[in-house]
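Chain naming follows the written order as A, B and C, and within any one chain the residues start at number 1.
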Amino acid sequence: MKAFLKWFFTYITAFFFIFYFFQSASGLESTPPEGLKVDQSQEDAPAPKVHIHDLMPQVVVLDSMANLYEAVEFDHEMHAVEVGCAKCHHHIVEHTDQTCTIHNVVDQTNDPFCARCHKGWFPGSLDKAKCKDCHSPDRFTADYLNKIEKDKDIYHRDNIGLMGAYHNQCMRCHVEEGIGGCQDCHVRTETGDKEFRADAGASGATKKSSEDGH
Amino acid sequence: MKSLNRRNFLKSGLAGGALATFLGREKPAQAREFSGYTNKGTGVLVDLSRCVGCRSCEAACNREQNLPEPDVPFDDFSIFDTERHGGLKRRTSEGVFTVVNRYNPEELDHPLFRKFQCNHCEEPACLTSCFVNAYTKTPEGAVMYNPKVCVGCRNCMIACPFYVPAYSYSKPLNPIVEKCIMCYPTRLKFGKPPACVEACPTEALTFGSRVNVLKFAKERIRQHPEIFVDHVYGEKEVGGTAWLYISPVDFKKIGFDMNLGHQPIINYVKSFLATVPMVLTIWPALFAGFYRLANRKDGLKKDNNEGAREESQS
Amino acid sequence: MKRYTAKGKIPVASLTNEDGKTRYTLVNKLLLGLSIREYIIQALRNPMNWLLGAIFAIGIPMLIGRFINGLGSVTHASYDYPWGLFLGVGLFVMVPMSASGFMLGTTVELFGRKDFKPIERLALLNGLLGYFFAVVYLLVDLGQPWRLVYPMIVSFGPAAVLFLVAWHVATYLSVQIVELVPSLSEWMGWKKPQVVIKGMILGLTVAGIILSTLHQGALGALFNYAPGKVHPLWYSAPFLWFHFLCSSIFAGLSMVIVVSTICKKTMAWRCDANFLDNLDEITFGLAKGCVMALSTYLIIKIIAIAHDSDWYYLLTGWGAWFLFELLIGTIIPLVLFTFGIKNRMAGLVRFTALIALFGIALNRLNTSLITFNWKLYQEIPHIKEVMITITLYAIFIATYRFILYRLPILYTWQSSEKVKEEA
């Protein structure tokens, strides 16, 4: 409960700040029709005083594969400090000086494809820094599939699901760092051991089920 | 479904030919052009750039299809070094419906993994070659096999251009063909994605209607020309397959057969099938004619050198 | 047996013995008119029996093992080569060599070439046994042989080439059995069937032609399903079935030449003068048929390459192998046959027929096994698979010989007049 309240207040504060900056920016700038600004506004607007690191989650618990693997406590803060935000949050611009603000999170995108439409603007607000707002945790449920098959208004139909998004982001670096094995991050449960037939071949009986007669 | 109509056409053509023989009448020959598929049914897009070779899909398939214990656990990656006869990589077999193989194309600084299983062709060679009709293509796109009628001639294994079906040679009593069935009875039928798709942590496998995943494939290639080669494997190969592949390197280098052509396999057999009604209808008349001719000669000659056996038979 | 005939024992060739009174019993007929002791002695004296015995001793247990332990125990159980020697030899080599039945049936019954009559029954028997053993091979190879009748009664896949093969081989087998019933009924002393079948013979022969044309071609068309697997030099979608059909003609004829030669050499006591005296002439006649078929075959082989523009492949190793096959199996027989006929050298023609048979076997094995999967690896059959194949062939030979010894195939049954009188 305490944790919840803490997050709740953090988010409220965050909302407030975003609201504030949008207000002040547009006020200063006589609003270009596209609503796109960015660098200029950054200079003009009073620098935000709240550091993003104070607003983001410290730990994210990933438990969607809980039957095969125990939940992973993802050290969000460590990753943010060590590798920066944009490495994973691919729609924002990295600030090398580690002083990026909420403002930056929603303001800009460094993905050239996203930027074609979304430059300087991302729908909603800070919420959109959350992976699952674009990457559905239910990518292959009937509902989701039906929606992208039938609903003509949806533009982004091929958004990778949440689990896929995570793994694609994580594995890029983890493989390079040599910690690319599943169990380097995930502790396998008993069901997981069974799924992967961890005891297979242990009986010593030589079988040839996976090869032909040669 | 058009493709079904086409098969029916072939059937009725043959049946008609047979009937015509009995009736002694020739049916007008009709040639119908095959003009693409309706693309109904589901499909899976395999994005080889995403696959990390974790073999989760193999594990999930083993569980879902109640397959026997594998030789080594699914987290044992030394299996990628397995070489079969002739230096070939692993293939599907009795008890293994899908395999992931590792390739090391020189233009990449990391290995590439390729998952592979039945491609659930739009016009399956296995289906058209089966003389007891053990195979069916469901409206959902899965190519199913009925072990109850299979005689075990293994023609489907000859016909499958992807070397997919495997035969359980080890069973003396009821050997059957074993291959991926796209999880039809347990999942696909209920609109759920195959087990391997659901298990893939990197979403290297994308499930949806074939039309849609084909669009995804093309869109991904369009958006990332720097990653992908411009080809969707399975879009047209052997008449199209429900499973599609996009790859960061030339498909040839990672074990895909690029010489299969765009014709469904049955098209190669058509020229023969077309002669069947012809022979059935023309031969009797032709040879009866020969007989009349020969015997007329006989009559004229009043054949005098008939063998002794001829007498003995009369 | 030769010694007995030399001693004045006459093998059973009629319903009654020499004095014309007592009828031979079935046992007499089976023992060729010898006593059991005499029969066994002559059997033991024949080295061929020892060879067959040795093959059976090794092969039969393996054959039984195949049904107890499954196909995997006697073959490599290859997924890439689903069809091994059993079908490669048993179906694809046996069937064209058995085309003789319909060939001679047509020649004698339809074209009225009575001069081929003495060999017609041998050709029919050769066809029947060849097909029968093709089915036996098939039964050994099928995963679930007890379901062999499924394509006939349980589930139909009429768009499949194998469906045609199944139906046609089954029907044709029945046709051939019927065509040979006269020999059997003469031997057994039955009267009725001979009359009935005499009336059906034209229909049966035409049916034989239709069925043979289709299934000989269909065997080739089976490989049409594997455009990427059979080497392009051997594969040709529009021509493959025609290659198979055309080559089966000279394969069947050559087989008759070879078998008749063997009969003449090893079973002269069983042949009658009608057969022996006419044989050379008939052999030349058959060889002429071979020449026609061979030249057609050679031309369509080349046309097929031109049609698919496969010339490039001729320069590869496979191309050399292809040319070798074409040389051994087509060009050399063609030249030798022509030469032999011109100069009336029966011996040369017979030898050439043997070469032609080798050529045709090579062609079928090339298509079904050797060049199959040319992009993968070469399958070397399991030793047990080879043994079983040989054993089945030995059973084929033994059956063949058993029937030739007894039924009036090579000789003329002598007492039909008497039968007529009795009736």
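Here, a contact is a pair of C-beta atoms (placed from the backbone, for glycine too) under 8 Å apart; a residue touches a chain by one contact, two chains touch by 3 or more.
Here the structure is a predicted model, which means the values were calculated and not measured.
> Looking only at C-beta pairs that count as contacts, which pair of chains has more of them, A-B or B-C?
Between A-B and B-C, the larger count of C-beta pairs in contact belongs to B-C.
> Where the centre of all protein Cα atoms falls, which chain's Cα centre is nearest to that point?
Minimum centroid-to-centroid distance belongs to B.
> I'd like to verify one number: the distance from the centre of chain A to the centre of chain C, where each centre is the average of its C-alpha atoms, in whole angstrom.
Result: the chain centres lie 73 Å from each other.
> Between chain A and chain B, what is the gap in Å from one C-alpha centre to the other?
About 41 Å, centre to centre.
> Express in whole angstrom the distance between the two chain centres, defined as the mean CA positions of chain B and chain C.
That gives a centre separation of 33 Å.
> Find every residue in chain A that makes contact with two or more other chains and list them.
212-214
> Would you pick out the residues of chain C that each touch at least 2 other chains?
As it turns out, chain C has residues touching two or more other chains at 72, 75, 77, 79-80.
> If a residue has to touch 2 or more other chains to count, which residues of chain B qualify?
Residues 85, 91, 93, 169.
> Which residues of chain B touch chain C once you look at their complex with the stated criterion?
Residues of chain B touching chain C: 7, 10-11, 14-15, 21, 85-88, 91-93, 125, 128-134, 149-155, 157-159, 161, 163, 165-167, 169-176, 257, 259-261, 265-266, 268-269, 271-273, 275-276, 279-280, 283-284, 287-288, 290-291, 294-295, 297-298, 303, 305-310, 312-314.
> Touching residues of chain C toward chain B in the complex: what are they?
67-72, 75, 77, 79-80, 82-83, 106, 109-112, 114-115, 117-118, 141-145, 147-148, 150-151, 154-166, 182, 186, 194, 198, 202, 205-206, 209-210, 213-214, 217-218, 220-229, 237-238, 240-241, 274, 375-378, 412-413, 416-417
> Considering only the defined contacts, which chain A positions touch chain B in the complex?
On the chain A side, the touching residues are 65, 113, 139-140, 142, 145, 148-149, 157-158, 160-161, 163-165, 167-168, 171, 175, 180, 182-183, 195-201, 206-214.
> Spell out the part of chain B that touches chain A in their complex, as residue ranges.
50, 52, 54, 56, 59-60, 62-63, 68-75, 79, 82, 84-85, 90-91, 93-96, 99, 110, 169, 191-193, 197-198, 200-204, 206-209, 212, 215-216, 219-220, 223
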